[in-house]
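Two complexes, one shared chain (chain A), two partners (chain B, chain C).
Moving on, here comes the complex of A and B:
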């Protein structure tokens, strides 16, 4: 019988991490759908976001919640600039998707080097806290035997990150499904040629998509620094891998599918940590990845828009 | 049917009309090596229907794609009202008054009919009143689309999808519309409706470029016809010329397996 406190911790952790993964998947999917770019460097952009929060806190004493909107703006414009620098040239390739993969792999390596150059290769702690540090969600009577109550605790920083994350997800869903520019981005995923036929400047739209995706990566990085207050300059590939699992699970090029898939993956991860030996738990995500590719290659929510 | 004889009666219309869009000696290739157009020249005249026919692989669709900027000609010129437009990207064509309905489906399947039409209004999207007006015009032309306005475009029948594409092309009030096989894979009854629609376009001040596999219909509707083969001009003339010219008749019969009467 699993301890009830641990069970609740896993559920809360699943949600907190799940929405972070959802955001990673969503931004990767914007890139894959609109630009046909597989962003291998996405993890590094997220880490860069975390280090941005770290640098703002340590050098200027800026609280992560203040760094968050600044990072969104800065990363957006960095994304737009990177788009014009890198992506249009891919069109000269016979296989833009393969080329994009290699190109972004190169970007990833460069970013790791730059990050370790500036911040050195150590894992850095984020020294900040909210008052109170922990928040008691509820008490469970007799959780550890008669008379010994348990409490389901969540770090306040995680709750704050969760709230911001949920707000961003709601805003993104609204953007993609209720506004014309959002619909234009989805339209580009569905039919890239037709987007140009209706007179939409595909380069401007793509640059916007790239900016949005990189801004989301930066935001994810800041939020991740709240959820896990230690930043590993070499953590990028792990984050990108989770992102790839999420977009395969949710359907490639399907922004909202990624949101659900992220939360599912968050739960799977937390529960396998709880229920399985540690070494086995790390495999579960990849078993899901392979299983989905075999059984439902279009993803749980996808309709096979990308072949 | 009324359509059959109308064009032949309208003799002289083509000769008097002004050339608006012209391809001269255009060469174009995909990915730099597979040459599709090898010196093609086509003139499109104002308020006329210019038909382009030819066997499979003749380069008909490529000709339209090149005119619309999806392919950049490696040689030759494309001019609109005497102004060079080759090298302009496709998304600038609408602003230049040219609309395009390609052969393969160009709808956004997981967006509603209404959203598809609204994206067609992208150029003037901030003018909400004009957008609403243009949508109403499309619904007046194709009443079925009003019923289906909230349905996903992908859920519509082939003919209805074609209506959405045609309607969406017209919301910008283009001067020229390029149609690539508008009735391919479409039920005969709807096809007839579409040809009637196309035939009425010049009266509304819209010039038509029509690529079609359906040679009989294309010849019937068009004021002037170009025959393409292997990316080159192989013959041209009005429908009346076709009826007289044994050589042209023979060529079409041989390549297209169709007898012009």
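Moving on, here comes the complex of A and C:
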């Protein structure tokens, strides 16, 4: 029988990490859907966001919650600039998706190099916490035997990150379904040619999509620095791989599918950490990825639904 | 086709092959003499290793049209198979390295079902399989793979013999692609790459041809890994399955031109030399410049050096493989 406190920790962790993964998957899928670009460098953009929060805090004493909107704006414009720099030329290649994968791999090498050049190659601690540091969700009587109660503790920073994350997810869903640019983005995912016929400037839309995705990556980075307060400059590929698992699970190019898939994957990860030996737990994600691609290459939710 | 153009083509092909085999001959003599001339053994070894890797990668990527982003899985399998046989079972490296080549082909056989995936899905799955392999080697019991510390060949390490073994593997790989370029199988592969359904309709056995290319490509990568283990003597899961190995292979092959026989050789020789130069002059910026080169290549020269020359100056097709 598993300890009840550990069980609850896994559930809370699943939600907290799940929404972070959801955000990563969603931004990756905006790129995959609208631009047919598979962003291998996505993890590095997230890490750059974390380091942005780190630098703002340590150099200027800026609160991470203030750094969050600043990073969103900065990363948005960086994304738009990158779009005009990189993507239009990709259209000349024979296989844009694979070429974009390689291109973004090159970008990722450059970014890691710049990040380690500025911040050095060590893992940096994010020395920041809210008051109180931990928040007791509830108590479980006799969790460790008679008379020894257990408490389900969560760092307050994680709860704050969770709340912001959920708000962003709600805002994104509203954006995709209720605003004109959001609808245009979904339409471009479904049919790039038809969107141009109805008078949408596909280049401006694509630039906006790139900006949005990179802005989301930056936001994810700031939130991740709150959830896991140590920043690894070489952690980018791991984040990108989680992102790939999530977008394949939710369906390639499917921003809303990725939101669900991210949360599912968060739970899978936390529970396999709890239930399986460490060796096996690390591989569960990849095995799911390979299995899903073979059994349901269109993702868990199918092609038609959730559009 | 008139008989005149046939004669013309036969002549052109003779010219191409004479130039190509002449070049291979010079390279073999040059590399073969290097240890006695006192050259930098490590540099020339890595040059041969990367030419072989890029050439073998070309079989599956250039001729067949797949982008295995976890190509390092086969290379890593080769290093581990060799080291495990030598260290744990006291097998001679002369036997262990060919067995490692077979082990890589076995692994390719296990991964063969991924060949029915297309484009980006194939790339992502291939990448994940390489990561899984890395984790398996790192988490396996210490007495088998040495765990996260890896293995050490100790006194069995042999730089001299390893160097010549690499030369042998290089010549085998070059001979194989030269044969492939004009063989029935090579033409079938290019037909599949351009239009699998049309090739199928013309009577090409699509699955079997792809599988042969996949096995060849994987086998050479494993041999490279095996020889590398013998030459350097130490290995661990991080370096044996480093995604940079795939990246360099892809870049070198693409820089020269995928789908051409000479492309990967030209690309590797130029870029390894550039890489060496960057390393010496700007050690901090090494990866930055590597990334920049990848990005520029993809944006401005997707066909690579040899491919671009052949496209711009069609007459050179008579001279270049």
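To be clear about the criterion, the second predicted complex is superposed on the first by the 302 of 307 C-alpha atoms of A that agree within 3 Å, B and C clash if a C-alpha of one lies under 4 Å from a C-alpha of the other, contacts with A are read in each partner's own complex, and residues count from 1 in each chain.
Going forward, a residue touches a chain if its C-beta (ideal position, glycine included) is under 8 Å from a C-beta of that chain, and two chains touch if they have at least 3 such contacts.
What you are looking at is a predicted structure, and each value in this text was computed from that prediction instead of being measured.
Q: Return first, second, both or neither, reflecting whether A:97 touches chain B, chain C, both chains, or no partner chain.
A: Only chain C; A:97 stays clear of chain B.
Q: In the superposed arrangement, does chain B or chain C reach more residues of chain A?
A: Answer, by number of touched residues of chain A: C.
Q: Have a look at where A:248 lands relative to chain B and chain C in the superposition and call it first, second, both or neither.
A: After superposition on chain A, A:248 lies in contact with chain C alone.
Q: By the touch definition at the top of the document, which applies to A:202: first (chain B), second (chain C), both, or neither?
A: In the superposition, A:202 touches chain B alone.
Q: Let me test your reading of the model: by the given contact rule, A:86 touches which partner, first (chain B), second (chain C), both or neither?
A: The answer is second: A:86 touches chain C but not chain B.
Q: After lining up the shared chain so the two structures overlap, which partner does A:156 touch, if you call chain B first and chain C second: first, second, both or neither?
A: A:156: touches no partner chain.
Q: Does the superposition put A:286 against chain B (first), chain C (second), both, or neither?
A: second
Q: Which holds for A:186: it touches chain B only (first), chain C only (second), both, or neither?
A: first
Q: Is A:194 in contact with chain B, with chain C, with both, or with neither (first, second, both, neither)?
A: After superposing on A, A:194 lies in contact with chain B but is clear of chain C.
Q: Where on chain A do the contacts with chain B and the contacts with chain C coincide?
A: 94
Q: Touching residues of chain B toward chain A in the complex: what are they?
A: By the definition above, chain B touches chain A via 31, 68, 70, 89-95, 99-102, 105-111, 115, 118-120, 122-123, 125, 168-169, 172.
Q: Would you mind writing out the residues of chain C in touch with chain A in their complex?
A: Per the stated touch rule, the residues are 67, 69, 113, 117, 119-121, 123-125, 127-129, 131-132, 135-136, 139, 243, 247, 250, 254, 284-288, 290-295, 298-300, 302.
Q: Note which residues of chain A are touching chain C in the complex, please.
A: Residues 38, 86, 89-90, 92-95, 97-99, 101-103, 105-114, 117, 237, 241, 244-245, 248, 252, 278-279, 282-283, 286-287, 289-290, 293-294, 297 of chain A touch chain C in their complex.
Q: What residues of chain A sit close enough to touch chain B in their complex?
A: Per the touch definition, chain A meets chain B at residues 94, 180, 183-184, 186-187, 190-191, 193-202, 303, 305.
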